[in-house]
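Two complexes, one shared chain (chain A), two partners (chain B, chain C).
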Partner chain A sequence: MTHRRWFTPWLLAGPALLWLAVFNLWPAVNTVILSFTNAKPLGGGQFTGLENYGRLLDDEQLADALLNSIVFMLVCLPLLTVLPLLLALLVQRKIPGITFFRTAFYTPVIASAVVVALIWGWVLDDRGLVNGMLQQSGLTDSPVSFLTDRWLLLFSAIALTVWKGLGYYMVIYLSALANVPRELHEAAAVDGASPLRRFWHVTLPGVRPTMMLISVLISVSALRVFSELYVLSHGQGGPGGRDMSVVMLIQMYSRGFNGHLGYASALSLMLFVITLGPMLLLMRLNRKAA
Partner chain B sequence: MTSSRSETSQPSTTTKPARDSQASRGSRGFNTPSPAQTAARYLLLLLVLLLVVGPFLWQLSTSLKGPDEDVYTRTPSFLPEQLTFGNYGKVADTIPVWTYALNSLIVAAVCITGNVVGCTLAGYALARLRFRGAKLVLGLFLATLVLPGEVTIVSQYVLVRSLGLADSLAGVALPGAIAMLNVLLMRTAFAAVPLELDQAALVDGATVWQRLWHIGLPNVRGMLSVIVIFTFIGAWDDFLWPLIVLNDPQKYTLTVGLQYLNGTFSANPRLIAAGTMIAFLPIVVVFGVCQRFFFKGVEEGAVKG
Partner chain C sequence: MRRIWAALTTTALTAAALTGCGLGSGDSKNSDSVASAAATGEVKGKVSIQTWALKPKFTDYMQGVIDGFKKKYPGVEVDWLDQPGEGYSDKVLSQAAAGGLPDVVNLPPDFAFPLAKKDLLLDVAKADPKLADEYVAGGVEAYRYTGQNGTFGYPWYLNTDVNYWNSELLTNNGLDPKKLPASLDDLIAQARVMKEKSGGQTYLMSRKPGLGDLYNAGVKIMSDDGKSFTFNTPEAAALLDKYRDAFKEGLLPKDVLTNTYVGNSKLFNAGTAAWTTGGGNFITSLATDNPTLAPKMTSSPTMGVPPLYVQGLSIPKTTKNPAAAVALARWVTSPENQAAFSHLTSVFPSTKASANDPFFSKSDGSNSGDAKVVAFDSLAKAKLIQPVQVDDAMSTIINQQIALAISGDASSKQALDSAVEQCNKLLKG
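Now for the complex of A and B:
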């Protein structure tokens, strides 16, 4: 469309462009710059070459954090790829009251991760609901330490993440299911295919692209986990700080007297490179499919 | 920034049900469920509902239990025996919870205003005006989407501090006041408005501003309401960024304040539960009221462009 003055578009896009430059592009560039310095929350900022990157290699807490991320991703990936699809199939049909169920299943998505972690922290407490029921039913004699054991704490955070993510991916699957042609289902039914076979041969191929997209989203968000682990562990990162995530390390080094902004930036860049992996994989798979 | 980082960012897809008349129109025998199948479906739905809503109800129930009632009992009772709202008053004695709620509200209001104005203007320019460099600008907006918010959070903090905004609500709100994702969503919404409308107005001599106001805006209200809802949710729920920016306990937002309350290990579970509900219920109300707009706007955004 035409406009009389050449600068009109720039005027309209101006505020957004300012934000793009100041709060997005510059911080990205500055992360790279900072990662080569010894910047501290209070002073510092001399060029130190690759020192921060060297430090990445023998940081035991980082090794733990990366192991946690891998476990987190490996458990979340199958659960959050499959369960929301089944949930979407459950709420797909327009039966009375279905809007209520759909909205209810979406509630954990809109709740803050802090709220969700506080709720689950209470449910999984030594004297909480789950331990109460376990002991009442005689399955255990003493409380299970869901929140104070290195691995149980990690798995509790995973359970919480899956629980919170179900509704989000359900909505994405719902729209994908709406695009699977009904005629295919009908033809398969006419040919005498059982519901299970129709799911396998019609539904699954129909939602495969969505499934790939969702697995990438899950992988990236598993790498970015913060609030769930932070709140469940009261900000301590579990016994001996072994339940830290990479983002928890970034937060830890960006604050306080022991802070190290340069090292935190190196950690951030490392995180970015890792998150690129799943995204590039998706692009490659898409290109192959096309 | 808030919305691009949080899990609740806009799903860019439609939730339109498969076929409205699926059950009624189908030929006999195909997909017409027997009463037993329908019953089984409802049973499953209720089971999932219990798993999803149960923990929220448990927290709500804990927040309403009296000081003499044993919340640790091995036989959990969902209904409080000494129903009381006293915990909501007591949590305000422990932490300034209403100040925190107000702080969260201020941050959310700044983010909503900024996103509605900034993203509308830029989205319109990108969708409807031709100018040199438009492709490059669009590419830069798109490129920011592969950058998780956590990756730049350290240098964001350095930037906000050098602007003199560390430990202030302005510092919390400003970076997310225009989210790049929302610019792109508004561009998509404007691009879906029929071009003929704009052209007709142009023939009538309407200026860019008049076209944006009278033709563009009325047609993108759905997308705008989605952006408002999710900006509110994103800002209200955000935790990591305010945790990094804020020091002064008087300036905490609700999520940071709740973690602060939780950090004092001796804290009473009834009080934490009450605090959680104060943070959670506004979100439920906002979403409950606006969910019609949400689903409508989500469909609008699903127009492939």
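Now for the complex of A and C:
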């Protein structure tokens, strides 16, 4: 029998802990520190107390950005929670050729968000495919301002996000559906339950934990939306910058030689706190339902 | 428990040490000693130079320049790094933050400014007193900053903007390519004709105004001490009002609200807009993307004062070989080497000795040759219009507020006041 030294576990866990400390813990700690300074990328920076946090309160763009991020989350959350489940129910059946549809629905997931947003930008442009079709079919006289109207741009980005995310969440639901016991469906059918009632009373409770996980994932990623809005608005945040998301604001303030790291860090921490909200709420709802 | 405390203490100490890195200040060597070493030292040893997106198009040219330098100074070794066009500012920023800038770095004036402010760049005029005599004043001035003593780069190649017109679109829509607009009012009047004749399918105007347009309307962009922005004047508001009315009338495409400059050139390339601005070589580069459009283009000087675009070579104070770094920067920017470079592409040399080269002042009769001459003539009155203090965040804010004014969502005065207020906050922050 060999003698176990006290430091053996630390030695084994050491590299992973070091990695976590340098690439996760330290950046988080540094963000908190920087948020109380006026630091710039080239060093320097003095302690400025709560000045950056005070600035959050009278930043008009932040109010717009918060509203955009919240609307983005509130619309994406139900769509990306329910639609992929319905899609998964459709493609879970073992019928000839279904693999093609599964692959087709998953294809947008593997495409780069930037490339997809560029393509959507061309499609939704004033002189793009959609406007061309709408005008040629006589449905509209002039181009619809998908990319130059504040709300239409936001909803275009939401549509893109939903389209791109459907396949990803569909695959997660497929694995959850496979774990719902077949006997429960059979028993419900024998008892005369309609397909809708079986869905409501058997399928939904069976996939509820997955649904909660998906809801948390969606709310976090929706609040952190960046690429879709950035590319569709050519980095300008829509007309007058009114389509900026909070992450776009962070990017705007932090980049370049003169990046305002202090304020960008305060914005990051604010977003972190806001992101915790829906996460905790959904987890609480899940516990209650369970 | 003791072990846990030990681990936590180690983490905290590491964090504290790293905090020092995050908020530390740059290395500031004594400028005089480095300049003196540069002026009197022997040119030998290793020296590195970093250029911006010259490979692969100009690899042979640059290698020839380096070979010439090595021939002039036997025993010297040159390490040439070329960085891609995208993300260059981030690259330079990370090099500067890590103290790893090469001995000679291609930095435009707005990249050099924050480094000079941090005392990271050598005052090359101190190391090379002949600088101001040999390079054009506009180029040298571009590397002198309010509040900073010194000249922080050798001007390298210059460029400016030229107006480009799609003569076929003009003719087909009732406009005369020989009577091009000379003022904003002319432009709006001709844009109206184009809209009416084309049924709103093509545009003459397809970009929103920027700081350059405000400057040309007589607006002072920044205070003399460089400490505050001042472009929220009634003249600036009047200019934006004109654009707002033109936009409302449908003389500009809706894209102007969200597009950057690239959007304007894309519309021009696609034959949807009849006017754009670009450097002296725009026709040559367009010939690849749209060969049928290139022959239909004509050029004219920009309305008002043309903008001056400068590229230059700076030397970090941390260079270990100041003598070789200064000699290399001077060699690359010498009249002969600049002339050779300018003959390869339509940029213009920054040395006074190159001004009389007939290559720049005489056209070969082609429209690209004409554009080159227009650009060369414009350089004589070109000015660095956008203050170097304007950073990415400020540019975005100014663009956004101008878009708000043009769309009518805010009055021109409100938008300008907001832009100035936000930019001043950033300037002070």
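By definition in this document, the second predicted complex is superposed on the first by the 259 of 290 C-alpha atoms of A that agree within 3 Å, B and C clash if a C-alpha of one lies under 4 Å from a C-alpha of the other, contacts with A are read in each partner's own complex, and residues count from 1 in each chain.
Definition applied: contacts are C-beta pairs under 8 Å (C-beta built on N, C-alpha and C of every residue); 3 or more make two chains touch, one makes a residue touch a chain.
Computed from a prediction, not measured in an experiment: that's the story for all the values here.
In the three-chain model built by superposing on chain A, chain B clashes with chain C. Contact with both chain B and chain C is seen for A:R255 once the two complexes are overlaid on the shared chain. Residue contacts after overlaying the shared chain place A:G235 against chain B and chain C alike. For chain A, the partner with contacts to more residues, out of chain B and chain C, is B. When the shared chain is aligned, chain B comes close enough to touch A:A111, but chain C does not. Contact with neither chain B nor chain C is seen for A:M211 once the two complexes are overlaid on the shared chain. Contacts of A:W6 after superposition on the shared chain: both chain B and chain C are touched.
In the superposition on chain A, A:G43 contacts chain C only, with no contact to chain B. In the superposition on chain A, contact is made by A:L269 with chain B only, not with chain C.
Shared-chain residue A:N24: touches chain B; no touch with chain C.
By the touch criterion stated above, A:V123 is placed in contact with chain B alone, chain C being left untouched. In summary, superposing the two complexes on chain A brings one listed stretch of chain B into steric overlap with chain C, and the stretch in question is 261-269; the others among 99-107, 261-269 or 297-305 show no clashing C-alpha atoms.
In the superposition on chain A, the residues of chain A touched by chain B in one structure and by chain C in the other are 6, 10, 17, 25-26, 30, 34, 39, 125, 127, 234-235, 253, 255. Chain B meets chain A in the complex at residues 1, 5, 7-8, 11, 13-20, 22-23, 26-27, 29-31, 33, 38, 41-42, 44-45, 48-49, 51-53, 55-56, 58-59, 62, 72-76, 114, 117-119, 121-122, 124-126, 128-131, 134, 137, 140-141, 144, 146-148, 150-159, 174-175, 177-178, 180, 183, 198-199, 202, 207-208, 211-212, 233, 236-240, 243-244, 255, 258-259, 262-263, 265, 269, 272-273, 275-276, 279-280, 283-284, 287-288, 291, 302.
Interface residues of chain A facing chain C in the complex, by the touch rule stated above, are 6, 10, 17, 21, 25-26, 29-30, 33-34, 37-45, 55, 60, 125-127, 143, 145, 147-148, 153, 233-241, 252-253, 255-260, 262-263. Every residue of chain A that touches chain B in the complex is listed here, in rising order: 1-4, 6, 8-10, 12-17, 19-20, 22-28, 30-31, 34, 39, 87, 90-95, 101-115, 118-123, 125, 127-129, 132-133, 135-136, 163-168, 171-172, 174-178, 180, 182, 185-186, 189-190, 220-221, 224, 226-227, 230-231, 234-235, 247, 250-251, 253-255, 261, 264-265, 268-269, 271-272, 275-276, 279. Taken in their complex, chain C has these residues touching chain A: 3, 7, 11, 14-15, 18-19, 22-26, 89-90, 92-93, 96-97, 111, 113-115, 118, 120, 253-255, 257-260, 262-263, 272, 391-393, 396-397, 399-401, 403-404, 407, 409-410, 418, 425-426, 429.
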